[in-house]
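What follows are several structures.
Below are two complexes that have subunit A in common, paired first with subunit B and then with subunit C.
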Partner chain A sequence: MPEAIPPVFRRAVIALSGGAVDETVVRLALEFGRASRAELIAIHVVELNWTQPLDADVAERSEEAQRVLDAAEGVAEAMHGKLEAVLVQARDVGAAIVDEAAARDADLLILGLPYRTRFGGDFAIGRAVPYALKNAPCAVWVVREPMGEEPQ
Partner chain B sequence: MTTPRPPLHGRKLGDRRVVVNRPHSDFFRYAGPGTMVAKAAASAPTTAVGRRVARVRAFVFGKPLTSAAEIGERLSKKLALPIFSSDAISSSAYATDEILRVLILAGIAWLTWSIWVAAAIALMLTIVALSYRQVCHGYPSGGGAYVVARENLGPNFGLIAAAALMVDYVMTVAVSSAAALANLSAYFEVIKPYSVELGAVIIILVTAANLRGVRESGNIFAIPTYMFVGMALLVIGMGTANVLTGHAHMVEPSKFAEKAGTEAFTIFLLLKAFAGGSVALTGVEAIANGVPAFKPPEAKNAANTLIIMALLLGVIFVGLTFVGMNYGVRAETSAGQPVLAQIGSAVFGPGILFALLQVSAALILFLACNTSFNAFPRLAAILAKDDSMPRQFAFRGDRLAFSWGIVVLAAAAIGMLWAFNASVDALIPLYSVGVFICFTLSQAGMVIHWRHERSAGWAWRSVLNGFGALLTGVVFLVVAYEKFFNGAWMVLIFIPALIGMMMFIRHQYAASSRALQMRPGTAIPQPHRHNRVVIPISGVNRAVVQALNVARSITTDIRAVYVSDDPATSTEVREHWVQSVPDVPLVVVESPYRALIAPLVAYLDVLDRSWPADQEKPITFVLIPEYVARSWWERMLYNQAAKQLRATLLGRPHTVVINVPYRRDETHVTAAAEEKHPDGTLVPGENGVATDRSSADRPSTSGRR
Partner chain C sequence: MFVIVVGGGKVGYFLARELIGAGHEVALMERDRARAVQITEEIGSIVIPQDGCEGKYLGQAGANRADIVAAVTGDDEDNLVICQMAKHHFDVPRTIARVNNPKNESLFKHLGVDEIVSPTRMILGSIEADIPVHELLHLAVLGGGELELVEAQLRIGSPAVGVTAGSLNLPDGCSIFAIIRDDRAMSVRSETELQEGDKVIGIGRTECEAELHRILLGDTDSQD
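Then we have the complex of A and B:
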């Protein structure tokens, strides 16, 4: 088996959803980015529907949204790493993540994917990951969380 | 949103996003609903001087550690052994001297009894160590003898144990630094006149090392302790081998050897020798005091470290006594050599090994005080949590060390050095008295503990502890009797004085707690008392207007008071006031005796007296307008009268004192200054702040005073 070579990147955008997989994603990014001293940007997108203006005072006042990024910063601090946290409001999560990665000239976009199933048992990949895979100008990593135990 | 940001356009038409501000993120982190955790930046100093001080502190004591790093500061057994054992192990360097010094009084023939006395002390050490091992398991939150006595004998016995230990820890620091200097001055005569100053420097250095945190100080002090243990075991091993193979030669007594006496060899002399050699036990209790400093499992690690320490201490003490006896070593006066040096010289001969033994002995004697620096602050912290010491002692400093305890211990030890002119002979009688009180109380407490618990083996354990209590109690009585007139009487005064202080503190905290206590489930009604505001002024200026605006947000019952020693000025101020603030009454108090604070307080008294007796007293808010100085020298110029007034009103019933600061560089005030009305009246500026033409540039209401 060939020896695994850690991927090299200089700037990565980490998309955080607020789920359990976030910590894993941040840890992975910090570990892989340490060798190349990569710049890491954590982004959490609060999706607003069309009934609210895009600049409505929603995310700034939302402890929950702020906490997602604070938790990522905490993980980075514990690992003696640095992380820039960006909170964004947008109409579409996938588009906002990809646009932020493009705007920051990131060479890697990392997304966490919770293991969810639709009614009926089919795996549900959601909308943001397929959008990023299809539209991101840079490399995309998707980290899927482990399957939970089978329901009895 | 704090500052709206323009939407950013995406790669596709219609894709837009807004980056949201995170105003808290520089200083706080959300940890849960409604819970924020402060980051380092939240505690960082904001002034230039503060930043400089913080840099110096970080250089001297290290960068501040988070509470979460506490687990990383815990001690492994390897590191805890030298930290908590240097006191106990170092005492083996001089305990044999103490036995021989007593036995020689009965003649040289009786020196062979030294090994039996040492064996008896080793037995007592075994009992005490086993007892404290149980204390580590039974009371893992630390506190040692204090907690055992408090839980089993009652709070007052706990305080006796705590006071005795604290006095002994202070003495350990004073004696060990004085002894280290005495050893050094034997070689460098020139330092002898500066013993107190140098002793203070030594203590300050150890204090600084301990303020850097337990782990770091452990790293600094570990090597000398292990070095001494290694050298002592080597000299015992080689000496015993020589004895067993018949190569041991008798040491010729020097001119400094204690002269053989002609006293009868009685049980009292034997007890005296036993009590003298019992100094070997000092410091044994330190581990039980500091169980929480160990890595998990704390109790198990502490108990195992205690046993290792007791084994090392026992082996070194008995071993040195055995080798010394077989080499015919005698105790010498302070001008001569200690037993350890004589043994080293006889076994190693002159050379590097002997030099290493001497250096390691000197170092460990000096570092014995480090055990106190670890045990005293922890004990003080536990006492503070029990409200028997000021609560500051329970706070951890930047490096997670109990800084208050460390600093107070250092100050007390330096005080003792100064009071006794750093004389070892004068300090020694005060040493090791307290520790036997706490051994006795701890053992007695454990007897009751076993009787209550009735766990497996409780009967033999309580018999063992009972015997230990009896033994250590007897040693205490002998030590106290022998040393009483040499200075131990002072310890027997210090201890009750400390107990009295702790009882007083406990009483005070209990009284304040009762005063502040609320019944659980009590619904708090809306405030219903009348509010009134009094603003002491020194003219009409921006600071006063700022205070007026605050007053208006509290109540409509507002009055300004101008205390004046000059009738002409008061007329002028009144004119301005009526013109500028016609809706707020101004009371001018003429003060022909030129006092400013007292007439104002008297006016408040008059206000209170004029209130209807059948109604509940109103709350009087005294709003003090204050000019905020921008630099330290400005601070000396302004607000002196305001400070005095605040201090005077602090305990006044039904009175709330509020400082209303006025900052010169406030932008809204500058804007207000530009809105002067041509006739000179006050006009509200932005945010309701107004100004007037005549007094706008005078700095402060209270600054004038």
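Then we have the complex of A and C:
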């Protein structure tokens, strides 16, 4: 059986949600990008409501946002890889991620998707993933985390 | 500048698009979800799919830091409520309202809307300018809507024909200052005698319009 050829990309934007799936997404990007020495940009978006201007000093002061970026950088360091961590303030996460991918001329956008269900049990895909799938100019990978155990 | 546009119809949509193009920050409020989604897809994530008539949602749209709130829905009552709430509840420095029914203009002014825009009045003005009616033509609105620049063409039987400008008993706050006679503009002096065919240019408070009409052209009912 022929050996699988890893997909090649030269620049990928990785969307960090701050959840457990972030580590998987970063590892995946590092593994697949290693062969082509791809440039990796990890972006975490802090959504601001309209009561604050977009240049309000919020994200930089947010310990949570810093933790998300530090965690991604930590994973990259442990895997001897490189990663540029970026913090962005925006009104809408999906739009901000897609804009960043377009602005960076990325050929791949990777998003993590936590496994969540709505009240009633329907799977909830959220807004950012559908937006990215519909609007991103580049290829999009969505990494869904495993289902949790059924509640007893 | 941060502008909140309330109403995502044609006016609101194009207004928001122009403002964004000019580099302003814009939040557009549209209560119809389907329309809100459509605008979001076309312009971007600037749409708040809520009713701007409700203070809670106007607050969520950032009225606390807005420089301008423009209420451009197709409903005069809604536009009035939006502007009043923006002005008095959120201290928005400038409110602009679209007024569809010209009869509501004075009410809007009276209730403190900073600027009113009446598409009906504008179109009416354009039509009047092209039709040789013997009515007062509305040339422009000045002073934030307080004053109107008007033109009256005198004809045979107009009460002002043969009368000197100084002897016209114009209402307080009204003034005539120019005449167009034989396609030439002349300034009006106290002794200037008005003639048939003169186009008299005047300025006055909007509420004086009927009185100015009566003095220059006669009672509205007696026309034609």
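As a convention for this text, the second predicted complex is superposed on the first by the 148 of 152 C-alpha atoms of A that agree within 3 Å, B and C clash if a C-alpha of one lies under 4 Å from a C-alpha of the other, contacts with A are read in each partner's own complex, and residues count from 1 in each chain.
Please note the rule applied: a contact is a pair of C-beta atoms (placed from the backbone, for glycine too) under 8 Å apart; a residue touches a chain by one contact, two chains touch by 3 or more.
The structure displayed is predicted, hence computed values, not measured ones.
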| item | value |
| --- | --- |
| When both partners are placed on the shared chain, which of subunit B and subunit C touches more of subunit A | B |
| Touched partner set for A:70, first subunit B, second subunit C, both or neither | first |
| First (subunit B), second (subunit C), both or neither touched by A:54 | both |
| Partner chain in contact with A:91 - subunit B first, subunit C second, else both or neither | both |
| Doubly contacted subunit A residues - partners subunit C and subunit B | 54, 90-92, 95 |
| In the complex, subunit A residues that touch subunit C | 49-54, 90-92, 94-95 |
| Residue ranges of subunit C in contact with subunit A within the complex | 2, 25, 27, 44-46, 48, 59-62, 64-65 |
| Contact footprint of subunit A on subunit B as seen in their complex | 1-2, 4-5, 7-8, 10-12, 15-25, 29-34 |
| Touching residues (chain side subunit A, partner subunit B) in the complex | 45-46, 54-55, 57, 59-60, 63, 65-67, 69-70, 73-74, 85-92, 95-96, 98-100, 102-103, 135 |
